[in-house]
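Next, two complexes with chain A in common: one pairs it with chain B, the other with chain C.
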Partner chain A sequence: MDGQLQFIQLEVMVVVLGLLVLLADLFLSESARRSLGYIAAGSLGFVFLLSFRGGYTDLAEGEAFGEIYRLDGLALFFKRFFLLTAIFVLVFTVDFASRLRSGVSEYLAFILFALSGMMFASSANDFSLLFVAIELITVTFYILVSFQRHRMHSLEAGVKYLILGAVSSAFLVYGIALVFGEAGSLKFDAIRDAHAGLLGSKVFLFGMLFVFAGLAFKISAFPFQVWAPDVYQGAPTPTTTFLAVGSKAAGFVLLIRLFGSVVPELTAQWAGMLMVVAALTILYGNLCALPQRNLKRLLAYSGIANAGYMLMGIVVQSDEGTAAILYYLAGYLFTLVAAFMIINLLTRDGEGEDISCLAGLGKRSPFLALTLTLAVVSLAGIPPLAGFFGKFLLVKAIAVKAFGDAGYFALLAVAVFGVVVSIYYYFGIIRTIYWSKDTTDNSPVAVAWPTRVALGLCVAAILYLGILPNKPINWADAAAKIETK
Partner chain B sequence: MMEPTLSQYLLVSGALFAIGLLGVIVRRNLLIIYMSLELMLNAANVALVAMSRFNGNLDGQVMVFFIITVAAAEVSVGLALIVALYRKRQTADVEDLATMKL
Partner chain C sequence: MDWLLIIVLLPLLAAAAVGFIPDSQRRMIRGITIGASGLSLLCALIAFCTFKVGSGLQFETKVVWVESLGLHFHLAADGINIGIILMGAIVSFAAACCADDITHRVKEFHVLLNLMIGGILGTFASMDLFFFYFFHELALVPTFIMIGVWGRGANRNYATYKITLYLSLGALLALIGLIGVYVQTGAESFSIPDLIATVQESPIDESAQQWIFPLLMFGFGILVSLWPFHTWAPLGYGAAPTATAMLHAGVLKKFGLYGIIRVAIPMAPVGAQSWLGVLAWLALANLLFCGLVAVRQKDLNLLIGNSSVAHMGFIFLGIASLNVIGLTGAVLVMIAHGLLAALAFGLSGHLYRQTGSLDMSRMGGLLRQMPLAGSALLMVLLAGCGLPGFANFAGEVTIFFGAWAAGLKVVTVIAAWSALVIGGLYMMRAIRNILHGPRGDDWAKASDVSPLIATALGLLLAALLVFGFAPWLLTEGIKGEVTKSVLLPKPSAVAGQIQTTEVAGR
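Moving on to the complex of A and B:
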């Protein structure tokens, strides 16, 4: 048993940290509580470093707790990814604390609990752990989304997320029940052995379809994307960031593990359906983003489109495709954190998240203007930034398969069309930053130093992933190879 | 007395799931919608218990415990949220949830 607990040491640390934050709230003065977020972020940084310790990485390729928990390259990559995301979100939260009005420590603790759920999800090797981890994420997010109880938008977003999230959970659970009935087990290893013989069984296919629906909700893929714009817009901005990066990545790690390694033959049989889903997601996200004026809503639609691009990596069913998703997600993390942090800084007092709040930013704060420009250009996929390389790797993975299959060519065409459309609305943001005349406020924007450091790190990472991709590509390749017994 | 077969259990669970889904789509009151959601989760529970019994594998019944626990957590959060909304707007009707548009 002692040996098994070693496997979940990072998760245990995160949960304990969350409980400590809740406890510390009782003993600290009002002013000391403000820095609690920084302390929690620092502790998470320590946990992040511990994940590179030899004693922990040596456990890789091992399974624990009756094979329901698996630690491999993919799980390690995503655990570090989630830790990094949470560090940024915690730093962000301190900036946002005054607007939460009350319960800042609880907000921090819920971020940590959601983080532990994501880390468990990355190691799920059994439907029971998959379900519990997903629900741990979703239920904490119900609270995080509706945390600003005094704001109608936040409450409305929370209720919408609650109802649609619960419907998707119900589909997931029912799918799991059907798969369990046909495959006779909840364990991924057993389902991997049994699934090839079950491809003719309608019950099994319906079960997997329901499970796919439950996971597609998390990544906001078409036609399960309706919640995304309202929830992104209404939620507190740190929650939106965590939702857009962490929760989406959690959906992707489960999709990669399930459809890439557990039921590969089913994925091959469903390639056509998955292609249509990816194409429609890309089209829907990009076309609906065109008329948006609210920045958070615009990024929600762009997030839907990005989920579509990443789904292409699952459709191709190759290690290159998986590695491309990982690379894309890494770039996506830094661009979105930078973009949301800056949006938050500019809308500090009011509700105005309208695109016009960016007007004159080029003069007010050249550093913020440059950072936001880099983030947006990276999202648009223009070289030489992180977003370009992610898209390039995805397109390359598709193109390798495209010869001899017209469907992949069509998907490729849709993806390229989506990128072209997206340049239009991303350029609208840049135009407002530098060339918009209707600015009323010319005061410089105050930025706290930890936020400045976080933004600097994001810029460095966006440039690094775009200009020197060799090393990160090797990391992604190593993480993408899922060994099976 | 005849033992019920697996397909009969599944028929009941499928009917429960369909009724729940219909309730979520058709009803306009948040509390009724939430009740229908619980029905959908319990449909899955019935299916899991029945399949577990007929497969001779108890994993499914253990899964049901997890689902019940998670559903309890979800209800506590969900009802708190609906109450908070009711205090703010004096309504629990989904038609009134449309303050965010384009």
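Moving on to the complex of A and C:
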């Protein structure tokens, strides 16, 4: 057993860190608590570095706890991804701390617990672990979303997330039960062997459909996207960031593992349905983003659209497609973190999240203006930034099949249409930053140095992923190859 | 020497340098920009003069960029792009000189201007599909921002959105076509020479070609204002600052045409044969429809913009003829039109500065008022309707030969008539309204061009005349490369055509 604990050393460290944060809360003064976020972020940075340690990476391709937990390239990639996301979110939280009112330390601890759930999800090799990990994420998010109890919007968002999240969990667990009934096992390895023979079974298909629905809720794919705009808008901004990046990526790692490597023949059979879901998600997200004035809402809709693009990578069912999703997510992490951080700096507690709060930013703070511009341009998929390269890889993966299959071609056409529409609303943001005249506030924006460093790192990463993609592509390629026994 | 690398890097370095200079150092910012583009021009001139016709790719720089995808940073010149690079460098220098009408946020404008110049020169020097596209976007994004922030007129916002959306759509369609080329050849390389070599061995599947070619044709076509996707162009140029309009209308727009000649035809020759008939008729619509629209314009910029869109029809027609003469003519007009459009927008920019209006009905007698600018404008307008002696004539007449030889007789006849009659009509009317007659009331205080702008515009005019009298400086190189492209779709027909070209050349 102790040999097996090595596999979950990172998760254990994160959970212990969360408990320590809760404990420290008892002994620290009010002012010291504020910097607890930085300490936690620093500790996570240490955990992040530990994930590169030879002793840990040597465990790759191993399974533990009766094969329910699997550590492979994909899991490693996502664990690091989640750790990075959480580091940014923790730094972000310190900026936000004064608006939380109720305990900051609890907020930090819940972020860490959600993080551990995400890290478990990336290694799930069994439906039971999948469900537990998802629940760990979702339940902590119920709290994180409604954390600002003094704000109606936050509570409303929390209730919405709770109801819809519970419905999706119900779908998930019911689906798992049906799959278990037919396949006789919860283990992915067993289902992988058995699923080809079960494609004719309606019960199995229904089960998998329900599982898909449960995961589609996490990534906010059409038709399970309704919660996203309201929750993104109402939740405290650090929660929104973590939800938009971490929770979505957790949905994707499970989709990749499940539909990419566990039931590939089912995915092939469902390619048509998945294409329709991807296309509708892209259309819905982009078209609904058009009239939005609230920045968090706008990013929620653009997040729906981005989930649609990434679903394309699952539809094509190739290592290239998977690698493209990973690359896309990496770019998405830095762009969204930067965007939400800046929106947070410019707004006060749920007010003034209107797009007009960006007016005059070009003069108020050239650094923030440039960072937000880069983030938005990257989201729009314009070279030489991270978002462009992600989209480029996705399109390339699709194009392999598109010339010869009208369905893929139509999907590509929808994606192009979506990108053009998105350029319109992203461009609106940039226009407001630089040439909107209707601003009353011309004061410079104060930015704490850790936030400044975090933003600088985001900019560097967006540029690096866009301009020098040689190495990151190799990492994504290596992570995307899921070895199966 | 890696001349191309220097040509491309100079403006990009200048962009970085300008970024570090405070906004108040206006003279320094201008100096660096003009200096960098001037040096680029010098290098381009040296490259052009030392270029050896018929000895393959020259001035190569090749660095592996992304190994697993076969991406290379690959700059090289052959017969087609050496002329375009020279033209691009001349226009860039001229545009940098004409950019002194910018009065606010000078630093930001010049950073973007330098980026745009670097992007433009990089686009035409790239031999790798990815960088070809990358540099184009690098030049395109500053275009949008420049129009949005420094543009003129009440329609500025609308024009910015329109040009952004149209050009983004075009670029995306072209990108998908380019990725399709990469995926379908199976060459595992984005390098254009590698791709062509692969296609010669084993062509792309014909059914895929029927998808790829229209994607590239319409994608690139939108970028070049192919009818009916042209409406962004007059509007956008009307709202753009002088230097931006010169660079975009003159050089950047030629990206699409260059892409069709360089990539679409060699990669999808079968697709080309079935789609170029459509292109010929759309080209005719460009000439006829936009020509007629130009007749009705009262604003000088809109006139130039529409006539520039109409001129794209010639080039499309040359491409549609898919023979050596037609394609040679197309490249020649690309270069000639680049110089001409830059000159026209440079002059209209100067006029706009004088009174803040380009309403032709209020102008008049400007030839006496500003002899230098006036006579330059006279020459521009005459060159625009195809006066022999200017490079445009040489190219257009070649295209007519090519299109006639390709059997596009009806199209050619209508095109020739519309070009001569409609083009002549609006150009002559513009000359009468602007340059002759009694002086317009608002123009009493208008002054002639400054020495700097006079030099820049003189350079453009000189190039136009040099290539008009000695088109063989360009055609020799173009012909060799174009022959290779035409050889792919029509191996048998080429031998005969080369002789015809030589006859036409004499």
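As a working rule, the second predicted complex is superposed on the first by the 482 of 485 C-alpha atoms of A that agree within 3 Å, B and C clash if a C-alpha of one lies under 4 Å from a C-alpha of the other, contacts with A are read in each partner's own complex, and residues count from 1 in each chain.
By definition in this document, a contact is a pair of C-beta atoms (placed from the backbone, for glycine too) under 8 Å apart; a residue touches a chain by one contact, two chains touch by 3 or more.
Please read all numbers here as calculations on a predicted model, not as lab measurements.
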| item | value |
| --- | --- |
| First, second, both or neither for A:E156, with chain B first and chain C second | first |
| Chain B versus chain C as contact partner of A:G181, first or second or both or neither | first |
| In the superposition, chain B vs chain C on chain A residues touched | B |
| Touching partner for A:D477 - first (chain B), second (chain C), both, neither | second |
| Touching partner for A:F409 - first (chain B), second (chain C), both, neither | second |
| Partner chain(s) touched by A:G251 [first = chain B, second = chain C, both, neither] | neither |
| Which of chain B and chain C A:G214 touches, first, second, both or neither | neither |
| Chain C-contacting residues of chain A that also contact chain B | none |
| Chain B to chain A touching residues, read off their complex | 10, 13, 17, 20-21, 24, 30, 33-34, 37, 40-41, 43-44, 47-48, 51-52, 55, 57, 59-60, 62-63, 66-67, 70, 73-74, 77-78, 81-82, 84-85, 88-89, 94, 97, 99-100, 102 |
| Complex interface listing, chain A residues touching chain B | 127-128, 131-132, 135, 139, 142-143, 146, 149, 152-153, 155-160, 162-163, 166-167, 169-170, 173-174, 176-178, 180-181, 184-187, 229-230, 233-234, 291-292, 297 |
| Touch list for chain A against partner chain C, complex | 377, 382-384, 388, 392, 395-396, 399-400, 402-404, 409, 412, 416, 419-420, 423-424, 427, 430-431, 434-435, 469-470, 473-474, 477 |
| Residues on chain C engaged by chain A in the complex (per definition of touch) | 65-69, 133-134, 137-138, 141, 144-145, 148-149, 157, 160-161, 164-165, 168-169, 172-173, 175-176, 179-180, 182-184, 205, 207-208, 211-212 |
